[in-house]
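What follows is a group of structures, each given as structure tokens.
There are two complexes below, and they share subunit A, which is joined by subunit B in the first and by subunit C in the second.
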Partner chain A sequence: MELWFSEMHTENVRFSIKVDRQLYSGQSEFQRIDIFDSPEFGRFLTLDGFMMLTEKDEFIYHEMIAHVPMAVHPQAKNVLLVGAGDGGVAREIARYDTVKNIDVAEIDPEVVRVCREYLPQTALSFDDPRVHVYYEDGIRFIRRCANQYDLIIIDSTDPFGPGESLFTKEFYGSCHQALKEDGIMVNQHESPFYAEDAKEMRQAHKKIAANFPISLLYQAHIPTYPSGHWLFGFAAKKYHPLHDFHADNWSKLGIKTKYYNPGIHRGAFALPSYVEEMLNDARS
Partner chain B sequence: MELWFSEMHTENVRFSIKVDRQLYSGQSEFQRIDIFDSPEFGRFLTLDGFMMLTEKDEFIYHEMIAHVPMAVHPQAKNVLLVGAGDGGVAREIARYDTVKNIDVAEIDPEVVRVCREYLPQTALSFDDPRVHVYYEDGIRFIRRCANQYDLIIIDSTDPFGPGESLFTKEFYGSCHQALKEDGIMVNQHESPFYAEDAKEMRQAHKKIAANFPISLLYQAHIPTYPSGHWLFGFAAKKYHPLHDFHADNWSKLGIKTKYYNPGIHRGAFALPSYVEEMLNDARS
Partner chain C sequence: MPDLAQENAPLYEALEQFRQRRVVPFDVPGHKRGRGNPELVKFLGEKCLSIDVNSMKPLDNLGHPSSVILEAEQLAAEAFGAAHAYFIVGGTTAAVQSMLLYACREGEKIILPRNVHQSVVNTLVLSGAMPIYVDPEVEPRLGIPLGMRLAAVEAAIAAHPDAKAVLVNNPTYYGVCSRIEAIAELAHRHNMLLLADEAHGAHFYFGADFPAAAMAAGADLAAVSMHKSGGSLTQSSILLAGAAIDAGGLRQTINLTQTTSASYLLLASLDLSRRNLALNGREIFAKVRQLSAYARDEINLIGGYVAYGKELINHDSIYDFDDTKLSVFTLDIGLAGIEVYDLLRDEYDIQAEFGDVGNMLAYISIGDRPRDIERLVNALAEIKRRFGRTPIALPVQAYPEPRLMLSPQQAYFAAKTTLPISASAGRVSGESVLCYPPGIPVLAPGEMITPEIIDYIRFSKDKGCLVTGTRDQAVELIDVVEE
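After this line comes the complex of A and B, so read on.
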């Protein structure tokens, strides 16, 4: 027997993964949640049929969304994660002793429950006493926050369904207000390659750049996301991701990583010319 | 009706592209050659069923394999392309006025003929009077060359079938001999992500590093290649790809590119930690 999971990367491009078994399938209040086991990628999580993470390549996404801002902020103590119900971002942030508190605003308790049961590789971070999960829509949670976080990481789904509100001008404005005066916001920022993803990417950049004096994008190779070329947004009130990056200080921490390193940190902000042009157009 | 082209990226991962029409299918002395037209990628070329190029993303591969060495070598006049029967690399190299001669050693005349007919976007370079095509196996062609090329670019298929000899120690040794004392060799260097590709990548690096004093890898995002994370090898007798890279000189040429730029040049050599570890292991 053959069992294949397929995701449409566009209506004309399909990415398929051979599956051993479906380990879980359920419908929460917000979305359909599935866990599969596969020979190539190990276990993987999908929400409404869209790939969220695989055991094989989740290190790339989670390291790049977490270590880039942590290596720039000299003393991040209080961190907010929006979405992030699989625990992967919290796992990377929890590796810093300077961090005293990690709030997670995840709309869907079922995502956390299912990941704790089937994806211990990422969900183990929920056992860290510094991690506090609030089951609430990120946009509602953040409205009542002011001047309190050093770092906000938006680990959202795509800009439709439960993740849609996390791509609005209002939400980015609330993040700005929730950050301290030297705070940093990082978000998953879609992809520049396929037209639909690129449209979302340009719109998000326009809204973020309107709220933050420093707003740049950086990239990583994520094989299981559409086109494999994925972007992250780095927005800050004070720190520049390259000028305020001190590689030696980060290296001294002795954090062992599989993708991120100081060279990658600098290199990731060098974007292809066609992407730079898209961003210039979005800002103008 | 629906028509889909599929390529197995591993035996457990399949990448599929919706096809409008098959424009050409033929069997040459060396391989099966197909041209398709597709809504997402425009026309694309496959050899023995493996994706070679699409009209939508070929600029990434061809710019990165050509402009990186051209921006390092201060005065490349005589260039050899091995494989490259679609004309894409020659098109990029021909944009430099300093280049006086471009030899192309392509084993399969049918590839050139079919690309001239169906892929004018890349094959137009064959009309440049500086381009000379030799229909011969690259390894045979290069054996009789000595101290004559400033730059050799190996635009090969994967290390099996007609491209296999282009991944041998003998071939890299002959390239070293065919280059002038300040010559550069660049090759497509497979991918680090899936195990089979990564094995070929490590073996190629080991053989190249044994022949050249300077041997580094750089990367690009190529959505239609397995994992989207593709590597190129930069090997040289004298020039270091970063220390001898003078961005201003390249920018002054006014060559308009869609992916390559001086920031990408530097950033592309910053590899993920797991790739650096693979390369260290290969060299030791």
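After this line comes the complex of A and C, so read on.
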């Protein structure tokens, strides 16, 4: 018997992982949630049929979305995670003792429940007393916030379905309002490679750049995401991700990582020429 | 109509059967199920083009319905609580035209609020009927026109006992309802018909706790925009008639102006929407009201904006209020409603229904999703944060009373000359001038132009109101009746 999970990365490209068995399938108020076991990638979570994380490569995504801003703003104490219902980002942020509070605004309680049951590798972080989960649409949660977070990390699904409001100008504007005067916003920024993804990527960059004086992108290699080439947005009111990055200070913290390191930090902001060109077009 | 229930959609079912039969077309339309226009098929889809067909025996004929269209209309009549229902494919404008052409002939009088839709005034030009306007009050803080007070209608009837009909907006664009039941009773007592413009009231027939629907309130005719709150395709509408109306005569009147090539896309959308509303309306509109109430609360929490609702009710000129409507007063954040409306579109890709000087209206309906409401609220919060200024005062002043010298028809078709508005005092207007807000005609064809009216137009333009209606796009010149 052969059982495969397939995701269409474009209309003409199919990505498949051989599945050992399906552990969970359910429809929440917002989306379909599935958990599989696979020989190559271990356990993985999909939402509406789209790959969210696998046990094998989630460290790349979660380390890169969390440590890059934390290394630029090591005094960050109050952190908001939007989406992030699998707990992976909270796990990385919780590694900093200086962080006093981690709020998680996740729209779908079922995602958290299912991850707690099937993906303890990431969801264990929900047991950290600093982590507070609010089951609310991120765009609604943030509307009431002003000048209170040091760091906001947007760990959203794609810009269609329940996550689409997290790719809007009004949402990024509200994030700006919710951040302190030296705050940073980092977001999952889609891929530049396939045309459909690239369109969303350009639009998101345009909207973020309209709201923040500093707005750059950085990249990582994530094997199970479309094309494997993934971008993150770094937007800040004050800190530049390279000029204000002090590698020694971060190294002194002694946080052991599998992907992130100071060399990757600097290198990740060097983007391929075609991506730079897309971003220039988006800003103009 | 044996064995037909609201679960049926006879016209839709006939079209589905027709599609299966693969009839060879040697009739119009010439695109022949789209084959003659592949680009259009690619754009609209094969399914859409395959039912864009002409009247034929199995699909009935809108002008003289005898089978599936008649059945669909009868089901609609039942769903709306009317004696008869007529499908209309020329928009609610066409429904209003037929309603007024039926009710009043040349020279006959009709009592109506001044804040009627443009289609009403235009129909008076077509029919030659004489308007007797009732002045709707303007809400002093918000600058929106209200409903007709019962006493004002009584006074109009006393002054014009020979009028043939009274027309009521049920509700206005902003959601304001007059006391339609009492007005209907009053009109009938004086042998007048009660007509309702329900362009914004289709949902009243299907939800719980809505303001009174015209037919239930005793109206004789109601023009209902199914394509607004009802969910059907743009341009599809329904004219409802009560038991006192001559059904065949009304059909004849409709056929004076209605196309003989009615679109089956529009007709099918009416049939399916009626079924959906009849079966699921209560549930649907409970959800719409809940979304609206949520949006109103969240917008009011932002501060500065006033999202208003049933608290406006004053038991007379605001006898009731349609709380699916999400109207937001914006002047307290220092922006005109029209500015907020433009910013929503230009900055946030959100298209609202309209903006006037004081208000922005977002249309909440059957198709809305909570996540989109969240976007709207955040965008309004952002607009306040980024563009907010000090509050501005509402530019309204006493509204000049119209003086009718000629019927709209006489004035419109009379020999005319063009004058600068500033030099037109003492002349009879040959066209309309409208100011938003409050969206009431300042002048209609046949009315005397007075110095007060000229001042009002000047004032409205200076204050940034939208002034429209004249042949001259800049509204500097006006056509007046030759002396």
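Convention: the second predicted complex is superposed on the first by the 283 of 284 C-alpha atoms of A that agree within 3 Å, B and C clash if a C-alpha of one lies under 4 Å from a C-alpha of the other, contacts with A are read in each partner's own complex, and residues count from 1 in each chain.
Keep this in mind: a residue touches a chain if its C-beta (ideal position, glycine included) is under 8 Å from a C-beta of that chain, and two chains touch if they have at least 3 such contacts.
Values in this document were obtained by computation on a predicted structure and should not be read as measured data.
*Asks:* Given the superposition on chain A, which partner contacts more residues in subunit A: subunit B or subunit C?
*Replies:* Between subunit B and subunit C, the winner on subunit A residue contacts is B.
*Asks:* After lining up the shared chain so the two structures overlap, which partner does A:Val112 touch, if you call subunit B first and subunit C second: first, second, both or neither?
*Replies:* Neither partner.
*Asks:* For the complex, which residues does subunit A have touching subunit C?
*Replies:* Subunit A reaches subunit C through residues 137, 139-140, 142-144, 162, 164-165, 168-171, 173-174, 177.
*Asks:* Please output the residues of subunit B touching subunit A within their complex, sorted ascending.
*Replies:* By the definition above, subunit B touches subunit A via 4, 10-18, 38-40, 57, 60, 193-194, 219, 221, 223, 227-229, 257-261, 263-264, 266-274, 276.
*Asks:* Inside the complex, what are the residues of subunit C that reach subunit A?
*Replies:* Checking each residue of subunit C against subunit A gives 298, 301-302, 347-349, 370-371, 374-375, 377-379, 381-382, 385-386.
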